[in-house]
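Two complexes come next, and they have one chain in common, chain A, joined by chain B in the first and chain C in the second.
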Partner chain A sequence: MTIEEVDMKTFSATPYGRYSTDGPSNGETFRTKRLTPLLKNPEVEEVRVYLDSVRPGYEYGSSFLEESFGGLIRVEKISYDLIMKKLRIITSHEDYKLEIDGYLKKAAKRFPK
Partner chain B sequence: MTQPQIWLSILTSAMAFFLALGGWVFVYYNTNRVAKRAEVFSLVGKAVDKAVALDRRCADFWLSEKSTREQPETWIAGTSSELHSVRAIFELLEKYHGFEGKKTLLSEARQAATLDAESVTHLDIDQLYQRRGEQVEVLNKILNHLYDYYRIRHD
Partner chain C sequence: MKSSNKKNQKKAMDRLVIEAPERLCIYDTQTFRDTIYFLNTLDYQVLVEHQCVHLDFSKTMYFSAAAALMLFAKVTRCQCSGPLIFSVNPENVVTASLPIDEKAREQMINNGLWAAIRPGGQKKLDRLWDNWKNPYKSGSNPAAEIKDVIDMLQSRFVKLPNKLIAALQEAYLNIAHHAYLNFKSEVKLPISEFMIGRWWQYAQKNKDGSIGCIVYDMGSGIPSSILSSVLFPGDDCEQIHYAMQSGNSRYDIQGRGMGFDNIKKPIEVNASAEYLLVCSGYGRIFYNKGQESERRLQTLGIQGTLIEWSFGDTEK
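Presenting the complex of A and B:
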C-alpha cells in the first residue's frame, strides 16, 4: 500500500478549462492522466493532491475543478465512498475544498452507483 | 502638618493619579476601538466595491452579444484576478477582525462567475439568465454578509 502525491505544478502552473478544446492544461486531462489511474489502482491507499503550487496569485476556475473532481464520479464512475477514502486535497484555501466537495456530492447524487 | 492633613494630601494625590490613569485607559481603548472600526469600515467598503465590480463584470460577459463578448480565456483570467482581490480583503478581515464565512462566499462567487464560462456561446438565453440570476443571488449574499458582519461586530 502506498501514498501517492500529485503536485499541481507538475501538471500546470496555470490549469485552465474543462476540456482539451479550452486548452492543454484542462480538467479532463488532469483527471484522466493524473487522478483516475491512481484512484483506480488498488495498490494506492491514499492520493494527496497539492493545489497550492500553482503560480502565485493564481485562482482556479470552477470548470477545471468540476471536471477534475466531479468528473471522477460523473465520467469515471468511481464511487463517492472510495474517493472520500482515498483522496486528500491539500490546500491552504478552504474554499477550494468546499467547492470540490460540493461537486463530488452533487455528482454522487446525480449518478448513484 | 497634622496627621489627618498628611493623609488627606496622600488620598487626594492618589485619587488624582487614578482618575488620570482611568481617563488615559478610557481614551486609549476608545481611540483603539474607533481606529479598528474605521479600518474594518474601509476594508468592508473595499470588499463591497470589489464584489460589485465582479458582478458587473459577470453581467457584461454573460449577457453581452456574441460578437462583442470578450474571449472566455481572457475573461476568466481577469475574473480570477478580481476574485483574488476579494480573497485578499477577506483574509485581512478574517486574520485581524474576526470575519467568518470566507470559504463559502469565495467558493459560491467563483462558481457563479466562472463555471462553464468557457462554453458560454453554447448556452441559450434561458440558461444565460439563470446563470445571471445565480450571480446576482451570490452578490446579494456577499453584500448582506458583509453588512451584517460590520453592524453586529462594530456598531
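Presenting the complex of A and C:
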C-alpha cells in the first residue's frame, strides 16, 4: 500500500479549461492522466492532491475543478465512497475543498452506485 | 494640435468620414443608441461596403470605459479583417482624429485608447499585448495567455479583487465554447481564424482607487446561444437571467453551467464590489449584492456580450 502525491505545479502552474480543446492543461487531461490511474489502482491507499503550487495570483475556475473531480464520478464511474476514502485535497483555500466536495456530491447524486 | 487635426482631415479625404457622437457611452439610453449606431456604421462600412473609414472624434467630449472597449474591439476587428476581405493594407483601414476638447483628448491619449485604435493590424495587437501599461488587450488563446493576464492585472492593481481571475477564466471559456459557433461551421469565412475565441479586455485602476474590468466578445450573444435550450424563451433579458442561474447551460450535460457562478462571485465575495453588468444581444442586467438590481431591454443590440466587474477602492 502506498501514498501517492500529485503536485499541481507538475501538471501546470495555470490549469485552464475543461476539455483538450480549451488548452493542454485542462481538467479532463488532469483527471485522466493524473487522478484516475491512481484512484483506480488498488495498490494506492491514498492520493494527496496539492492545489497551492500554482502561479501566484492564479485562481482555479469551476470548469477545471468540476471536470477534474466531478468527472471522476460522472465519467470515470469511480464511486463517491472510494473517492472519499482515497482522495485528500491539500490546500490553504477552504473554498476549493468545499467547491470540489460540492461537485463530487452533485455527481454522486446524479450517478449513484 | 490644430495642425495635427488639419492633417487628419486631409488624410481623411480619400475615405468615408464617420463622425463620433459627443458622448461615447453605453450606460445611458440616449448615449447608448448614438454609440451603438456609430459603432455599427463603422462595422457596416468596412465589413460590408469594403470602405476605408476615418473616425472623426473632434466633437467627442466623453468616453465611458465600456464604450471605449467596444470601440477598440470594432476598430481592431476591421483593421485585422479588412486586409482579408478586400485586400487593403491594415494601416489604411481605419484612421482617426482626436477630440478637440482638451479633457477628452487627454483622456483618449492617456488611458491608452488612442494607441489601441491607431492604424495597424495583428502586429499592433501584439505590441499592445506586450505593453503592460496599456489596459486594452485582445487575445484568442486564453490557455496560453492566462499567465500574462494574471501578471498584467497584478502589476496594475495593488490588490486584485478576490475571484476575478477565476471569473475571467470562465468568461474566456464561455466565449470559446458558445460565442463564435457561426465561425466554426465547415464553411470558413476569411475572418474565422481571427475571430474564433476572440476577446477584448479593459482593466484599469482609476485615480480614486476604483477598479473596472471589462471583457467583450463579438459573438452571437447569450440570448441567441441559449435559445435552443429553453422551452419558453422570453426576451433577451430573460435569456441572460436564465444563463446567469447555476447549472443552466445550452448543453444538457451534467456538470456544465457553473461558469456564471464564477462570473458573479467577485461581486459576492469582495466588500468593495459595486456591480456586475452583463450586456448581450438586446438585453442588459446589473447584478450586485447577490441579486439582479436592474434589467433593461435596448432598442439596438450590442452584437456580442460585454461583461463588466466594477469595484470601489479595494485598498480601503
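Operating definition for what follows: the second predicted complex is superposed on the first by the 113 of 113 C-alpha atoms of A that agree within 3 Å, B and C clash if a C-alpha of one lies under 4 Å from a C-alpha of the other, contacts with A are read in each partner's own complex, and residues count from 1 in each chain.
One rule holds for everything that comes next: a contact is a pair of C-beta atoms (placed from the backbone, for glycine too) under 8 Å apart; a residue touches a chain by one contact, two chains touch by 3 or more.
Source: prediction; values computed, not measured.
A.B. asks: Give one word, clash or fit, describing how chain B and chain C relate on chain A after superposing.
C.D. replies: Superposition check on chain A flags a clash between chain B and chain C.
A.B. asks: By residue count, which of the two partners contacts chain A more extensively, chain B or chain C?
C.D. replies: With both complexes superposed on chain A, more residues of chain A are touched by C.
A.B. asks: First (chain B), second (chain C), both or neither: which does A:M1 touch?
C.D. replies: After superposing on A, A:M1 lies clear of both chain B and chain C.
A.B. asks: Now for A:S25: first (chain B), second (chain C), both, or neither, which partner does it touch?
C.D. replies: The second partner, chain C, only.
A.B. asks: Quick check on the superposed pair: does A:A13 touch chain B, chain C, both, or neither? Answer first, second, both or neither.
C.D. replies: A:A13 contacts chain C only, not chain B.
A.B. asks: Return first, second, both or neither, reflecting whether A:R55 touches chain B, chain C, both chains, or no partner chain.
C.D. replies: second
A.B. asks: Taking the superposition on A as described, I'd like to know which of chain B and chain C A:R110 touches: first, second, both or neither.
C.D. replies: A:R110 contacts chain C only, not chain B.
A.B. asks: Once the structures are superposed on A, label A:E66 by its partner contacts, choosing first (chain B), second (chain C), both or neither.
C.D. replies: both
A.B. asks: Of the two partner chains, chain B (first) and chain C (second), which one does A:R74 touch, if any: first, second, both, or neither?
C.D. replies: second
A.B. asks: Pick out the shared contact residues on chain A: the ones touching chain B in one complex and chain C in the other.
C.D. replies: 16-18, 22-23, 57-63, 66
A.B. asks: In their shared complex, at which residues does chain A touch chain B?
C.D. replies: 16-19, 22-23, 57-63, 66, 93-99, 102
A.B. asks: Spell out the part of chain C that touches chain A in their complex, as residue ranges.
C.D. replies: Against chain A, chain C makes touches at 141-144, 146-147, 150-151, 153-154, 160, 162-166, 169-170, 173, 176, 254-255, 258-259, 261-262.
A.B. asks: Taking the touch rule as given, give the residues of chain B at its contact with chain A in the complex, in rising order.
C.D. replies: For chain B paired with chain A, touching residues are 72-73, 76, 80-81, 83-84, 87, 102-107, 110-111, 113-119.
A.B. asks: Chain C touches which residues of chain A in the complex?
C.D. replies: It comes out as residues 13-14, 16-18, 21-26, 55-64, 66-67, 70-71, 74, 103, 106-107, 110-111.
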